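Listed next: structures, encoded as structure tokens.
Here come two complexes built around chain A, the first alongside chain B, the second alongside chain C.
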Partner chain A sequence: MAISNVDGQKVWQRRDRNTQFKIWFAWFIGTAVFMWCWQQISAATTWQFFWDAPRIAADIGGRAVPPRWSYMDKLWEPLWDTLNIATLGTVLALMMAVPVAFMAARNTTPSALFVRPIALLIIVSTRSINSLIWALLLVKILGPGVFAGLVAISIRSIGFCAKLLYEAIEEIDETQVEAITATGASRWQVMAYGIVPQVLPAFAGIAVFRWDINLRESTVLGLVGAGGIGLQLQGSLNTLAWPQVSLILLVILFAVVVSEWVSAKVRGAII
Partner chain B sequence: MSAALEARLGQPWKKPPFISSPGLRWALLIGGVIYLILAIYSIDVNWARVYRGLDRGWQFVIAFANPDFTSRAGEIKSGMIESAVMAFASTVVGIGISIPIGLGAARNISILPVYLVCRSIIALSRALNEIVVAILLVAIFGFGPLAGFLTLSFATIGFLSKLLAEEIEDMDRIQAEAVRSTGASWLQRYTYGIHPQVVPRLIGLSIYRLDINFRESAVLGIVGAGGIGATLNTAFDRYEFDTAAAILLMIIVTVMALEYLSGIIRARVQ
Partner chain C sequence: MLRLKKLTKIYKTGDRALNDVDLEVPTGQVLALIGPSGAGKSTLIRCINRLVEPTSGTVELGDVELTGLGLGGLRKERRRMGMIFQEYALVERLTVMENVLSGRLGYVGFWRSFLRKYPQKDVDEAFRLLDRVGLVEMADKRADELSGGQRQRVGICRALIQNPSVLLVDEPTASLDPKTSRQIMRLIVELCKERELAAIVNIHDVALAQMFVSRIVGLKLGTMVFDGTPAELTEGVLTRIYGDEDWSETIQKVEDEDEMDAAQ
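Right, the complex of A and B next:
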């Protein structure tokens, strides 16, 4: 709290002068950086296209409506593929994430010095690369198709699932573990009866949460050739078949909303 | 009680199942197995192609051991700068738009029609995938970072406004009430009663979003919306795995640095 004297009267101010100056300076720097950034974007933009945009948007909108409903017949199979990529990808990811999480959690890791850093490295490196980039790479390695998308989704999900899971493991109630240990249980029995039941609800929640995200991501994997409904989207975009594009976008939107609803319901039932 | 205990004494103990209703448990299990069989059956893997590709995969792993930063240094540099520029500018603009929408979407300080409008904007922004938005915006505005910038700004709105609105809904009413009782106007009530309560969280979320926007800007280039993604895509198309590895390493390091930085800043302001 700062109080300044103006003509012998005390006036309340929210901050004292130095703090105020610091805040102004931070604003100044921030604004300058933003202006510079804007200049960069502006320099790389053809403004002619920008001013033309409303007309183009109206044109595309006009072509896209109404959606070509009959095209739906060809979308059921890609939609099934998309669902499979998301679900099997999540299952595969969880299989790999569980051991990583147990190795990364401070209270269950076999060696905090050697194993834990490796597990953390796996978590960080898989998490910071987007699934679309993984798909781009895997399409080159495994060939285009659903399999590449599935592996991409599962690799991307390892870090996410393992991170949330190892945080859940670190937060468990140690007294229960101690109670099981006191009965003379072996290391694996402690795991099965002391730790796993405590993290199982968190595990189920993470699985459904990630499944929801994966379904979203798998809808666009086809853009780089990794199967699913994105493949149809790419094809329709390349041939400028806007009525098909609008139908595909509607289907994607519908799938995302349904998956969010399912995931919210399941998580509500668990927690 | 004691009768139940008598009956259970001497019986072996069994772990209680995770899903208590046996009907639901078996239905889920059998349904899951049937689905898995159908799903795995419907995926045909060309194992010969996978086997041939393994060699290429190995090349990529080796490329990670000696990444090539130099031969495409100019493109990598301009791509990284463009990604950073897009991420920063879109975060700033996104925050600017998110604050009014977040205020409107908080049930305790806004009126119902405004609430519904703001909530539907948030829902729309969250339901649309960034890549899909980027494709449409590239079609409308042409190739380049402007489309990416607009995409990321739009995605930021859904994220920040929602969390900001939740934070405002959870705030301490008494402080806002106290400011209001002095006869403050709506804007004064916000600046002195609400804003100081949510600003630490807002700063933390903004930095987190900057981090996300940078990560996302790395993929927008694949659909032509500017940034490092275009360079990466080109590197993969030319099978220049060493350049691709260099770019990926730079993305990972930047993301890790940002995450570390945001952790420090969030710990300080909260």
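Right, the complex of A and C next:
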């Protein structure tokens, strides 16, 4: 805030000269860095490929149309697998995430010194690794197939669900908990009456949100052999069967749109 | 009979919220606790049912010393102490009936309460209480659909269904309009009389306290500075509790309102 005195009149400006200069300088640095990066990238680009790209894309596009509709016969089963991976993976993840969340929330943790750090570690470690990488690992351990994908999805989701849930638990209204405690309720009753009703909407929201994400993620798990429609996608890409690729992409798009619709409905119903 | 002896609470921050408070509340007496914000009124109430752990001193309810109890014993004794809150503290997403029945949690096992299979006599009592406060049609509504005054009535039912021998009431009218405040205060006092309950009522509104209760205790910075009848609450006393201010209007107004009430 800058107020200066000009001829006995108080003049107000949003920023004083120093701040103004700092902001200008920050913009200058930012622009310079951007230009430099641009130059680096353009030097490293093979421009032949770049100028060629529209023609290749048009070529692939041309080969991909029309989609090979008859291939759909072979897609129903992997599609069902994909849906199962997403749904069961989410359910499994939620079952593990709920206790972790209660252990991680400051107001419900049994011990802020010992248990909470462990719970937070579980959350961070499961969250930080992408489900595709989990799947790569698990395919080696469990062998290829739907089960590896399911476990990959559920492990990746624990951290996500537990983090959102424990934040919801920490934001509850403590006076409601106090009131239930004051009636002489046991610890579990306080949980069931004072805390659970308050976090239930958040829980349902998190569940459908994560299910929605998991459906997308499970469509690519097949790329590393963990079951689902990604397996067909990879096979079709490798054999340059473009009409099949376009059909699979359409099917994935359709599945995602449906999942969006379902989660929107569910969220609307519970709030 | 509720007896506090040399009750002291020092918070971790070093704030001395209660300072050697000695207080006896005989059965059937409704006592108003007044004092400025931060005087320790809420702390005092919460030290009785140990939502806040007192630092030293004792609290006795009947012949049980509450301050020495373990967790199980404390839970059992909490059933005898009903609590009513400033912001109602109902579980917003549960129904009115569930909120009232939650007052029985101390008597009912976990699974019964979890599955909402309360004994029929508890349900009967819940309906009787809701009827008493005029909310029987609301039993199936969710608590967040009610108005402030209605919510506080549900809060009262929840406290009473515990079948308590003492009521701890924390600013019951602070979030209510003047008319509803009076109705709620009147209801609390009536119910205490019906059931011969001792009650401690924290209250900001001095005039309202004078209207309804027979004994007033003044708290200032954690120390009791006044204990007497509403009539003894003079300008001098109010200055002692709250500090310098022109109190003549406050006291004058009470008499006016009493006359208005009498005229109605």
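Criterion: the second predicted complex is superposed on the first by the 244 of 271 C-alpha atoms of A that agree within 3 Å, B and C clash if a C-alpha of one lies under 4 Å from a C-alpha of the other, contacts with A are read in each partner's own complex, and residues count from 1 in each chain.
Definition applied: a contact is a pair of C-beta atoms (placed from the backbone, for glycine too) under 8 Å apart; a residue touches a chain by one contact, two chains touch by 3 or more.
Please read all numbers here as calculations on a predicted model, not as lab measurements.
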| item | value |
| --- | --- |
| A:L137 touches, of chain B and chain C: first, second, both or neither? | first |
| Touched partner set for A:I180, first chain B, second chain C, both or neither | second |
| Chain A residues touched by each partner, larger count belonging to chain B or chain C | B |
| Partner chain in contact with A:A26 - chain B first, chain C second, else both or neither | neither |
| A:Q189 touches, of chain B and chain C: first, second, both or neither? | second |
| Partner chain(s) touched by A:I118 [first = chain B, second = chain C, both, neither] | neither |
| Chain B versus chain C as contact partner of A:L200, first or second or both or neither | both |
| First, second, both or neither for A:Q40, with chain B first and chain C second | first |
| Chain B/chain C common contact set on chain A | 193, 197, 200 |
| Residue ranges of chain A in contact with chain B within the complex | 14, 30, 33-34, 37-38, 40-41, 44-46, 49-50, 53, 56-57, 60, 80-81, 83-84, 87-88, 91, 124-125, 128-130, 132-133, 136-137, 140-143, 145-147, 150, 193, 197, 200, 204, 216-217, 219-220, 223-224, 233, 237, 249, 252-253, 256-257, 260 |
| Chain B to chain A touching residues, read off their complex | 15, 18, 35-36, 39-40, 42-46, 49-50, 53-54, 56-57, 60, 81-82, 85-86, 88-89, 92, 127-129, 131-132, 135-136, 139-142, 144-146, 149, 192, 215-216, 218-219, 222-223, 226, 229, 232-233, 236, 239, 244, 248, 251-252, 255-256 |
| List of chain A residues in touch with chain C within their complex | 173, 175-176, 178-186, 188-189, 192-194, 197-198, 200-201 |
| Contact footprint of chain A on chain C as seen in their complex | 49, 51, 75-79, 81, 83, 85, 87, 89-94, 98, 102-107, 110, 113-114, 155, 158, 162, 168 |
